[in-house]
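Next come two complexes built around chain A: one with chain B, the other with chain C.
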Partner chain A sequence: MQSKTLGWILLAPTLLILFFFGVLPFIYVVFVSFHQWNPFAVDPEMVFNGADNFRQIVFDPAFLNSIGVTVLFVLFAVVSELILGYVLAQAFMRDFPGKAIFRTIHTLPLIMAPIIVGSVWKLMTTPSIGIIPKFLDDWFGITMNIATSAPAAFATVVIMDIWHWTPLVTLTLIAALVSLPSDPFEQAQIDGANKRQIFWHITLPMIAPAVVATVFIRLMDALRTVDEVWMLTGGGPGSATRFVGVHIFKEVFPKTNYGYGSTISVVVLYLTIVACWLLYVTMLAPRSKKD
Partner chain B sequence: MSFAFKIGASALALTVAATSAFAEIDAAWWKAAAEPYQGVTIRGVTESSPPSLYIREVLAPEFEALTGIRVDVETTSWDQMFDKAIKDMEAGTGIYDMAYIEQDIIYSYLSRDFLTDLTQFLADNPDLKAGTYDESNFTTFADYFKDDAGHLYGVPMEAFLKVYLYRTDLFNDPDIQAAFKEKTGRDLAPATTHAEYAEIAQFFTDYGNENDMDLWGTTAQAHTGHVASWYEYFESVAPTFGVYNWGIDADNNYGASVENGGEMNSPEAVEAMEWWLSMRDIAPPESPASTWTEVGTTFGAGRAAQGLVYGENAGWIAADETKSLVVGKVGVALPPLKDGILEEVEGGTGYIGYYDGGAFGMPHSSKNKEATALFLQYIGQNEVQPDWAVAAPRVTNTATYDDPKVQEMNTKLSGYYDLIKDKGYLFAGAPAYPFHAQVREATAPVFYQILTGDLGVQEGLDQMAATAETTLTELGYRK
Partner chain C sequence: MRMSSEKTLARTGVYAFLVISAAFFLMPFYVMVVTSLKTMDEIRVTSIFALPDTPTLQAWVTAWQSACTGLNCNGLSVGFFNSVMIMVPATVFSILLGAVTGYALSFWRPKGTGLIFGILLVAAFIPYQVFIYPLVRMLSQVGLYNSLAGIVAIHVIFGMPIMVLLFRNYYAGLPRDLFSAARVDGGGFWVIFIRLILPLSPPILIVAVILQSTHIWNDFLFGLVFAGSDNQPMTVLLNNIVNSTQGEKAYNVNMAATILTAAVPLIIYLASGRWFVRGIAAGAVKG
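Let's look at the complex of A and B:
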């Protein structure tokens, strides 16, 4: 009993912080999402408008476009990071000359703040000045201008995200691979399984929880990407990289459309939860049932 | 140069600067007035621009040394500055005692009573009124920060024109002049019309191409995802074609479309957009990724023969050899205009370009109003202006024009200060719209689609006008 009380007392500061900085703001955002509120309107007060904002969102082409490009971005970025991260993790499981240096360099992007990553990539990709367009032009005669070409801008943002976050995937998959027991692999080899069979039937199922956790983290991060894209393209050209995070930022801050912006935030949170749940159901639930 | 030497030199420079300023102001009065506020720290938030950096690095330390009141000035990006200031004033938290008020946001702030009436505050607290501070010292730019009663809500700290800069070394080169004459049949001189400007721009873009030079005929602030492009069109290009106040008629139920009395999609607006896009197409390749900052950098790097450049960048472009490759090679002129516009503006209708600038205001939520009032007066005195104007080309006080240091700088800037003084009346700040950011943000996505070619000019402007009217209706301005 005493230890239980002590436990709650020790937990209390964390719970209080979580309540005030997590739960309470969330409840407030949900509350605001049912209001029309722009402090620079003729009537600057919050006006309750029921589900009007939610109804409006369904027909808002700007929001739907931002969802569309975000889903594409998440798909390209997270899948690429997963594949590349696994390949690198497997590479780091072996010994090769310069492995320690390569691993350190490979991990460096992780310690950079997203806003810095965006700035660096902006410098590298600015038309006619950046190193990437220059060498693409000098070596291959390709003109790259992310300010005018929507596909180039989108691809650059995806590549930037892959560069930034693949190391995280690599590290988590290395941790998962290192912890695997060697017996099943030895038995499979004795039974004559080839590498592909070992990967599909032993490695992947055994590291699935780590893969799902990694995908969850990256999925949630990618869905709320703002800083890097903000610095690199500002959401342009046009709305080619106006991901939902950027859309919310522009709606809430410069436009001060607090009510509608909150609605978008709530809907995006809901969609994120649904996406994660679907992922969980398709990847892990069948396995738990089998177990 | 060793670190210790740099520190020593900086301290010496600061002391000299402080001493020279102190020599002209009543140090005893400032010390006495600040006596009750010892230990107080006042905080300000502003954009990271040359004038603001001068406040942080020179004026704030001077004031601290003089009064003992500590001043923390936070310099940040343009959008972050607004975000932080608005949140603070909206919530009434009182984190900031001073906030930079850009001329275009003042009407939004006034509509929400975010700011302290400085005229009234000093009238109510005569003990805090400095003898060297007088609102009548300011240029007419201060009028943008006054209410209908003539009360001031912000101490002007920067004011510039967005001017037409051109490369004097190129324009005065006899070989280039001859080539231009041969190609166009006229003498090479700064453009006064859009046709002339376009002709010069095309000539220099071709010239750079033919001579394998990194030189283009014009700048273009044409970012495809940043509001800088929106501003260049509405503040600097459209007015030169006779489209004022973003094409919105405030006296006609805030109509934006021609159908409802506005001009946002008028033939003049279309003509302006098409001309500007044609200039963008022969500008340096970085132009679709350029905001106001990059335009300055492009010109300073010698990559453009002419362009419309914010005055806050004109100083370093023309005089700072550590940053600019065109020092001593920059001329200043009025922007090119459509026939009849100058006469129209001189007759009292419209304007030919943007009178940019801002002031330091005191949020209503400030918890250190007395100490802040002292600092705001300090930066508003005539005595601190000349060095500030030299460090960052901004003039907010009438007397500053005649100071020898400023006159010397004026020569380096090819008469930029004379242009502000003599022709400033032709320019105007942003229209008095409390919904400035809201309409801008609502229409900007459509605007970007025009820039990327996803929408035609007429179609895009039609959509922008419709979007502006919808937004104004939602906000309650348009009935």
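Let's look at the complex of A and C:
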């Protein structure tokens, strides 16, 4: 009995924090999302306006654009990170001299703050000084300016993300590969399977949970990415790199239209949950049913 | 013979790939360091790739004590101390909270554990921009908005889910018999925690310290929104210096400032070695 009371007392801080800073703000955001409210306007009253905000968001080109840009960003970045990360993980599964140094180098980007990554890539892409525009100009005669060219800005953000997060994918895939049993591989080799067959039919299904977990983590990160994009492009040019995270931040703060800002938050939250559910259902559920 | 030549070929391929990818990962570091050691005159005329003619630490000194952020020209040093003031208490409190809660959840499994877990997991991944505005209002209501205590609280709150999950998973992995035996011996909750659990905890404590301290140090958005102008962390000042629109852009100072901001996590990484990788792995399996 005593230990039960003590247990609740020990859990109390966590539960209180969860309630006051998790559940309560969530309810508040949902509540505000059904209102027209601008606290700093001439008319600072909160007015209930039903589903108007939600009706507006469905046709809001700025919001739809941010969703589209984010999806494209996730697609390009995460697929590249998975391929590059997998090849690197396989390379690190071997033993060779100098492995420790390479592993240190290949983990280094992970510890850099997003704001720092943004700052360095900003310098590297500055026209006339940065090495990337200079290289493109000297070798291919291409002029690159991320302040004016939307595709260039988008590509830079994707490459920056690949630079920053491939090490994470490598580490998780190494962890997954190390824990694989060796029997299925030996059996497949005896049966005369080639490397491609082994990859598609044995390795990939066995590391699928790790791959899904990685995609999940990167998806969540992509949805809240602000810092490095803020530093590099500020969401521009135009709205080429205005990802959902940046959009919410820019929309809610300076415009002080809190009713509509809350609506965006609620919809993003909903889309996040749907995306995770879809990922889970399509990638993991069918396989567990088969087993 | 054929096997060994194939092996050599494969190894050469692996090396080639690793060297190219290493160059990709190292390039920004190289650019950072080389640029920070040059004068602006040299940056304008030579290639960004070229080594500095006469390396100078002038840009580092400027970045540290006299780079301008808006009207203040005190450099990054203020931000460094602010970041330390934020990082130390926030790391300590979030680990304490995580350890005690994680222990309570695995020692004494309440009925709603599953639900608490679900909420924690969702909370660990939610796009936090969603909560910024309500939290700003709540903190200003209790007078913590724009204060050191406020930003520390924010870090403890947002670090809590991952810390609790980390410690819970670690303690759940300890043999159950250990707990039962200690209970039979009449050990109370705290006695067991201090005598039995803490001595078993150093590995997870190290991982937690590395994870939380680098995470808090690297934060930008929370510092920007919640810290207030007196407590701005280094990352916010770095952003202000780099994106300052006044005067000519001093790329060397910007890069020196960037390295200085990155220094603390870099030192933690290089000093902790394999522990850091473990921390990442632990953080990655949180999903």
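By definition in this document, the second predicted complex is superposed on the first by the 278 of 291 C-alpha atoms of A that agree within 3 Å, B and C clash if a C-alpha of one lies under 4 Å from a C-alpha of the other, contacts with A are read in each partner's own complex, and residues count from 1 in each chain.
Going forward, contacts are C-beta pairs under 8 Å (C-beta built on N, C-alpha and C of every residue); 3 or more make two chains touch, one makes a residue touch a chain.
Please read these numbers as outputs of a predicted model, since none were measured by experiment.
Enquirer: In the superposed model on chain A, is it clash or fit for chain B and chain C?
Expert: clash
Enquirer: Tell me which partner A:42 touches in the superposition: chain B (first), chain C (second), both or neither.
Expert: Touch status of A:42: first partner only.
Enquirer: Taking the superposition on A as described, I'd like to know which of chain B and chain C A:272 touches: first, second, both or neither.
Expert: second
Enquirer: Would you check which partner chain A:129 touches, where first means chain B only, second means chain C only, and both and neither mean what they say?
Expert: both
Enquirer: For A:163, decide between first (touching chain B), second (touching chain C), both and neither.
Expert: second
Enquirer: Counting touched residues of chain A, say whether chain B or chain C comes out ahead.
Expert: C
Enquirer: Look at A:199 in the shared chain and tell me whether it touches chain B only, chain C only, both, or neither; answer first, second, both or neither.
Expert: A:199: touches no partner chain.
Enquirer: Chain B: which of 6-14, 42-50, 258-266 or 276-284 bumps into chain C?
Expert: 42-50
Enquirer: Taking the contacts chain A makes with chain B in one complex and with chain C in the other, which residues are shared?
Expert: On chain A, the residues that contact chain B in one structure and chain C in the other are 126, 129.
Enquirer: Residue numbers of chain A touching chain B in their complex, please.
Expert: It comes out as residues 38-44, 62, 126-129, 145-148, 150, 233-242, 250-251, 253-257.
Enquirer: Going by the contact rule set out above, which residues of chain A touch chain C in the complex?
Expert: Counting only chain A, the residues touching chain C are 3-4, 6-8, 10-11, 13-15, 17-18, 20-26, 28-29, 84, 87-88, 91, 94, 96, 102, 104-117, 119-124, 126, 129-131, 134, 163, 167-168, 171-172, 175, 213-214, 216-217, 220, 223-224, 226-227, 230-231, 244-245, 248-249, 252, 258, 261-262, 265-266, 268-269, 272.
Enquirer: Note which residues of chain B are touching chain A in the complex, please.
Expert: It is residues 79, 82-83, 86, 90, 108, 111-112, 223-227, 284-289, 434-435, 437-438, 440-442, 445, 448-449, 451-452, 454, 474-477 of chain B that touch chain A.
Enquirer: For the complex, which residues does chain C have touching chain A?
Expert: Chain C residues touching chain A: 11, 14-15, 17-18, 21-22, 24-29, 31-32, 35, 43-44, 47-49, 97, 100-101, 103-105, 107-108, 110, 116, 119-120, 123, 125-135, 138, 156-157, 160, 164, 188-189, 214, 217-221, 235, 238-239, 242-243, 251, 254-255, 258, 261-262, 265-266, 268-270, 276-277, 280-281, 284-285, 287.
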